[in-house]
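See structure below.
Chain naming follows the written order as A, B, C and D, and within any one chain the residues start at number 1.
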Amino acid sequence: MTASHEIETRLRETAERLLGEKKVDLFLGHEKASLPLRTTPLFLTVAADAARLAWNPFCSPNLAVYLPRLFRAPADAREAKTAPPRPTVGVVLKGCDARSVVALIQEHQLPRDKLVLVGIACPGMVDARKAERVLGLHEALGAGEDAHGNIRAVVEDGTEVTLRREQVLADVCLECRAPTPSICDIVLGAAVEPREAHVARRQAEELESRPADARWAHFQQMMSKCIRCNACRQACPMCYCKDCLLDQTRPRWVGAGTDFSDVAIYHLARAFHMAGRCTACGACARACPMGLDVRLLVRKLNLEVEDLYGYRPGEAVDATPPLSAFAMDDPQEFLTEP
Amino acid sequence: MSQTQIVPEAAAPRTWEPKVVAFLCNWCSYAGADLAGVSRIQYPPNIRIIRVPCSGRINPVFLLRALQSGADAVLVSGCHPGDCHYISGNLAARRKFTLFRDLLKYVGIEPERVQFTWVSASEGGRFASVVEKVVEQARKLGPNTKLVKRA
Amino acid sequence: MTEKRIPQTDLDRLLARLRQRAAVYAPAEDGTGEVVLAALSGKESVTLEYRNFRLSPKALVLPQNQTLLCFKDGQAEEPRLPEGETILFGVRPCDARALLALDQVFLNGNPHDPYYARLRSGATVITLACARPMSSCFCTSVGGGPGDGTGADVLAVALAEDLLLRAETSKGEALLASLADLLSDATPAAVKEAQEQVRAAEDPMTPVKVDGSAERLRQAYDSPLWEAASRKCLGCGTCSFLCPTCHCFDITDEVRGGAGRRVRTWDCCAYPLFTLHASGHNPRPTPKERWRQRIMHKFRYAVENFDRLFCVGCGRCIRHCPASLDLRTVLKEVGA
Amino acid sequence: MARNPYLPYPARLEETIVENDAKDIKTFRLAFDDPAGAAEFQYLPGQFAELSLPGMGEAPFGIASSPTETGRLLFSVKRTGLFTAELHSIEPGARIGVRGPMGKPFPWDRVAGKDLLIIGGGFAFTTLRSAIVYILDPANRSRFGSVLAVYGARTPGELMYRADLAAWQKRDDIGVHLTVDKPDQNWTQHVGVVTAVLETLTPSARNTLAIVCGPPIMIKFTLLTLSKLGFSDDAIILSLEMRMKCGIGKCGRCNIGSKFVCTDGPVFTREELKTLPVEY
């Protein structure tokens, strides 16, 4: 594992060069946020600002979410004529972010030739909420990484608390099967070993082993905290539809409030739309202000997709997503026969 | 489908009869249902038919919406593989429905509440027996309580 | 006004007593390790060890879903208004202060909102002063403070052993009078201890300059900073839904066969549909206009209309923003 | 106790009148179920109301009738979205709720004693019809000076209220100029945009207020012409449209800066609008 600060230095040099040599018009990375344990997305256009770029255990935002909108053609034909030419964009990608970019290219949302992909082999990112839970009533006023990759947090009275990295990594990182980005133009840092890929399967099997009513109770208990703020959808790089079915009013498919049937349909529909498309970046769970692990359903669907159609999202730009394809002999045992 | 055309409220349990919303593709299954009627084949009257151009047109949200609006089960029927009027709409639908059924099962909704089948324009008898089976299973399951929205 | 005191060991007795007259909401652990403002049934163990709740208490006066009308055979009828009284114990000063902003919208001016009015008039607020604000807190910059009693009927301060109680309104006075047998007069030393605690809490808070924000934001309306700040915005509703003063709502009908209801639900100005006309025209077409609207509403329009900031400095929008956007940064940039 | 502001007055659809050749604009004549409701619903031209259909929600529309037309409550609606499509499909006798009146009317106190220039375009003539009928009422006419109206549409078939227009053109206490972009063979009146007509008529700005309602592009050019004619910003009155829900200044979506279109508008002078952000 290459030390974060080394990568950070090389990242800054890379961005400075790309912007300075006009290889990119815009460079997307992470920057120190106003609160510790977090970073905030940075849109760089000037080489001199490259020193603002950060690479540390808090770079969890998936920057792929910002890319499709940079390349979206204006809906109005007249506007399209006067629209500026499409920019060339450099972007920092972790393993999961790179999978999102692959999937977006597959779905024709991104032009590969307008992207300079700077991949960083990712040792996993800290879940700020997990860290805050560990700190309890204390608040981190500053946070960093020690030589072993553990997290040092400075709390109110100046005391330094060390949090074991594994203890505060995001759940999604603990099951990352491809932490090293695949399709990048530039890769920083030595490759990182894949994680425990079977966690998702074990958890799904555990839930499946329970009776139907217990499964429903679990789903209900978890999702009844949902406040329908749409953060999970908005944070998802694969949710780029201009008009979401769940927002439509002619007709309205899902009620606007927090009646549980509406909440359930919202999450079922969202998960279903992600089946075979979700690149397991965890942006949805990270965005949820209620701290719900909204990955629950789509993780299961992705396992099904893998088992039935042998497909894993975000691995190859030339693969056809399974729900855009079919085979004459696809399984159909579930059909109702008279 | 306009918002006002929604299945009426569930009746009292004593007189409860399952309500099944069937989404039938225009080219095969709807014609199959028509044939069942023309041939005077008896089947349970618990079914409400919505005609769609192709089983591939159905977004699973339609099925969720039907269940939320008080349907006790939904049935989707399209052309047999190879017979789709649009070549492959039913094959794309087959993948969707495979996953959708698994999803519902995973959260604890009885998979028998959403059923899928193929019925051709010449299979009036098959249509009637599928409906009979779906209604029978819905009756066994009892009223849909999990997804239905209470006023 | 005299301060009263009750030993913290008697807190359960106090709450049990309050439960005899009203539905009581108080800080309690929710089973996942998080302290929430929970409806007490008597089984919960109430705690005073928390910074602030994830959700503001606004839902108790402005529920996320509220029936405005019932329909029967296509006829609209008024729904029955909720009955009974509520006591909100342990609300933080910022959130109590926010209630006054909501009052301004729903009660002051004509016509007033009967649904809000009913819940609000039935609510008694017992604020608990903050001993340890967080780094995202900036209440002192927007007129409040960790010991601010604005919006409270009773202000409580948790001392080492006692809970100090001071009535802030006549409603609060009546409440304390009804509990007289549980309370005793606070000593001057206790009052002093409370004052020192509040001062100590204020100290570490970094000030954000908001005075004159209305005028400065007026001048900054066309500033390029809106474009820059909103680029990160994902357009989710986290900030609005967690905000104790955000109150914009949607109205939708849920009707089956002529029967059903008209419901109001929380809405958010970050959503493109919020202002989309039926014709397809949208007066706030991009995140830039929408993000600007949110800041302008809180720090300029509300000041122009009500002479009040619609921000109480609770910091929820900062802490929970998935893109870590910080409105303090923007306020700093406009010099507001 | 004050009436619940979210509760509509129950009414019924009495009659539907198709206004244009495209048949996508209809005028709906409503009658309140309860005479008390009718008595409480006191409005002036320029105000609007929310129409309500159970299950379809509500939408705001300018009131097209004049309070002087006792017993006639008119709304002219173009079929655009979900609600308006449903409204266009209901039959006389159907129930409909009316919530209002809402917003500020045209500034009738200021208009008194002045000459009036009324400029309308396309389907935005509804509250202007209300205003003209109000002014021409024998009880009101003497309060105002001369009245000149210019109304333009794309084709003759798109002009609304054709019977009213014909009747007004026969009167000598109002000048009514109609213009179309694309005339048909029977058209004998002006051809061209309203600004062209204004430039030939050159109405005086002296002691005159102008009320302008129309599509954004018409407004834009009309304002330029009016300035050229010497109309001050304070003498130009406009009416805005905005997505609305509550109509009573609470739901927070129809604001332009610190003003709410539902309660501070929909009628604004150009001078007032110049102080507001261009978010409309």
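Methods note: contacts are C-beta pairs under 8 Å (C-beta built on N, C-alpha and C of every residue); 3 or more make two chains touch, one makes a residue touch a chain.
No experiment lies behind these values; they were computed from the predicted model shown.
Student: Have a look at C-D versus A-D and report the one with more C-beta pairs in contact.
Tutor: Pair with the higher count of C-beta contacts: C-D.
Student: Where centres are the averaged C-alpha coordinates, which chain has the largest centre distance to subunit A?
Tutor: Chain centre farthest from subunit A's centre: D.
Student: Can you give the whole-Å distance between the Cα centres of subunit B and subunit D?
Tutor: Whole-Å distance between the two chain centres: 48.
Student: Could you give the separation in Å between the centres of subunit A and subunit D, each centre being the mean of its C-alpha atoms?
Tutor: Averaging C-alpha atoms per chain gives centres 50 Å apart.
Student: Go ahead and note the Å separation of the Cα centroids belonging to subunit C and subunit D.
Tutor: Centres of subunit C and subunit D (C-alpha means) sit 40 Å apart.
Student: When the centre of a chain is set as the mean of its C-alpha atoms, what distance in Å lies between subunit A and subunit C?
Tutor: Subunit A and subunit C have C-alpha centres separated by 31 Å.
Student: Please output the residue numbers of subunit D that touch at least 2 other chains, ranges allowed.
Tutor: 55-56, 81-82
Student: Return the residues of subunit C touching two or more other chains; collapse runs of consecutive numbers into ranges.
Tutor: Residues 250, 252, 254-255, 258, 260, 267 of subunit C touch two or more partner chains.
Student: Taking each residue of subunit B in turn, which ones touch at least two of the other chains?
Tutor: 3-4, 149
Student: Flag every residue of subunit C that touches subunit A in the complex, lowest number first.
Tutor: 33-34, 49-51, 54-55, 64-65, 132, 134-136, 204, 228, 231-232, 234-238, 240-242, 250, 252, 254, 263, 265-268, 271, 273, 318-320, 322-326, 328-329
Student: Under the stated contact criterion, what part of subunit A meets subunit B in this complex?
Tutor: Residues 204, 207-208, 212-219, 245-246, 251-255, 259, 261-262, 264-265, 268-269, 271-272, 275-276, 297, 300-301, 304-305, 308-309, 322-328, 330-332, 334-338 of subunit A touch subunit B in their complex.
Student: Within their complex, state which residues of subunit C touch subunit D.
Tutor: 68-69, 71, 74-76, 78, 105-106, 109, 111-114, 221, 247-253, 255, 258, 260, 262, 264, 267, 269, 274-279, 283-284, 289, 293, 296-297, 300-302, 304-305
Student: Contact residues on subunit D for subunit A in the complex?
Tutor: Touch list, subunit D to subunit A: 81-82.
Student: Which positions of subunit A touch subunit D when the two form their complex?
Tutor: 249-251
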